[in-house]
Amino acid sequence: MSVLLEFSMFPTDKGGSVSPYVSKVIKMIRDSGVSYKLTAMGTIIETETLPEALRIIQNAYNELEPDSSRIYSSIKMDIRKSQTGRLEGKVNSVEEKIGKINK
Amino acid sequence: MSVLLEFSMFPTDKGGSVSPYVSKVIKMIRDSGVSYKLTAMGTIIETETLPEALRIIQNAYNELEPDSSRIYSSIKMDIRKSQTGRLEGKVNSVEEKIGKINK
Amino acid sequence: MSVLLEFSMFPTDKGGSVSPYVSKVIKMIRDSGVSYKLTAMGTIIETETLPEALRIIQNAYNELEPDSSRIYSSIKMDIRKSQTGRLEGKVNSVEEKIGKINK
Amino acid sequence: MSVLLEFSMFPTDKGGSVSPYVSKVIKMIRDSGVSYKLTAMGTIIETETLPEALRIIQNAYNELEPDSSRIYSSIKMDIRKSQTGRLEGKVNSVEEKIGKINK
């Protein structure tokens, strides 16, 4: 099974510059050993089960919670039973169809 | 604490008409006793903790998983430490500011 | 054709309490005459064409832009060619299947 | 001004394998000359104005519309008045804070 989960999570009571908070969350993800990729709009992780993916969401909240009293998050998931390696695979499969793309 | 979570979750391998699947998820939520509201674009729940809210996501997946091999979900959360009753409260507070609105 | 669009849009440089800004956007939507419904997590509109729906997004930004230098938005769309009245219809169709629900 | 827009858009009446449709949209974006990056969960574009960004959404719909009667889309925007180059810049700024990351 492959759970692709893209998310952003940030405090909304800290003004416009939230990158110190975002950095704490990315550090936690990197240290967790999960497959991930950081983009300009969020972080994409790939896990083998849904509980693992939801645990990352809980842990991200745990990183931000001590410093903030209001937190916003946006999450998308694409869950597929019979594939893995989709963090790279989905993009490569588009490239095979239409040629070189920015990734 | 108040966790407002809005989500939609549906199989993407069943064609355009997914309302039987959506209905199973709504039934589970109604039976769970959590505060909820169904809208044309998803379901909004309010819980007192994040683990409770994430458990609803896991349970929604458990409802759909036996019938589908690919599932998509979109989720938003607004988590606030010092308020409750925001499922009604947030909308009413806008109404107090600008007068009668559709809700 | 029926375009259902659910969105939230808020400044992220104004601290945790953004309801004055949200209220300006809702007022614009109400005055525009479009079919809409306010929820605890966003506003749902229904239009007959995609350009009409995207114009509401542009107008929402125009309301917030004078007061803010950073704005965040989350949007979902469900576009269907051969139906209308889905702002009420989708929820009612779930209710027909499983009985009384909160809406 | 910098509009970062992340989106996914796909037909929901075509079964689980939508990559031919997604490929058409990516091809249109690449050919449009806009700054973009494809990820496993969507496409991120950066434009200098909001109308440009919304035009890409309209054009993506125009690509899919002839083949499908139901289309779903999920969109996030982060709009900032006084910066550009954020498609690379936001990720690099996290890397400066916490060291080497997957991007």
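The first chain written gets the first letter, and so on, giving A, B, C and D; residue counts start at 1 in each chain.
Methods note: contacts are C-beta pairs under 8 Å (C-beta built on N, C-alpha and C of every residue); 3 or more make two chains touch, one makes a residue touch a chain.
It should be emphasised that the depicted structure is a prediction, and the values quoted were computed from it without experimental measurement.
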A-D or B-D: which has the larger count of contacting C-beta pairs?
A-D
Average the CA atoms of each chain to get its centre, and name the chain whose centre is farthest from that of chain C.
A
Per the C-alpha means, the centres of chain A and chain D lie apart by a whole-Å value of 16
Between chain B and chain D, what is the gap in Å from one C-alpha centre to the other?
25
Can you tell me which residues of chain C touch two or more of the remaining chains?
16, 69-70, 72, 74, 76, 78, 80
Which of the residues in chain B come into contact with chain A in the complex?
50-51, 54, 57-58, 61, 69-82
Which positions of chain A touch chain D when the two form their complex?
4, 6, 8, 16, 19-20, 22-23, 26-27, 30, 36-42, 44, 46, 74, 76, 78, 80, 86-91, 93-94, 97-98, 101-103
So in the complex, which bits of chain D are touching chain B?
10, 12-13, 15-16, 18, 69-70, 72, 74
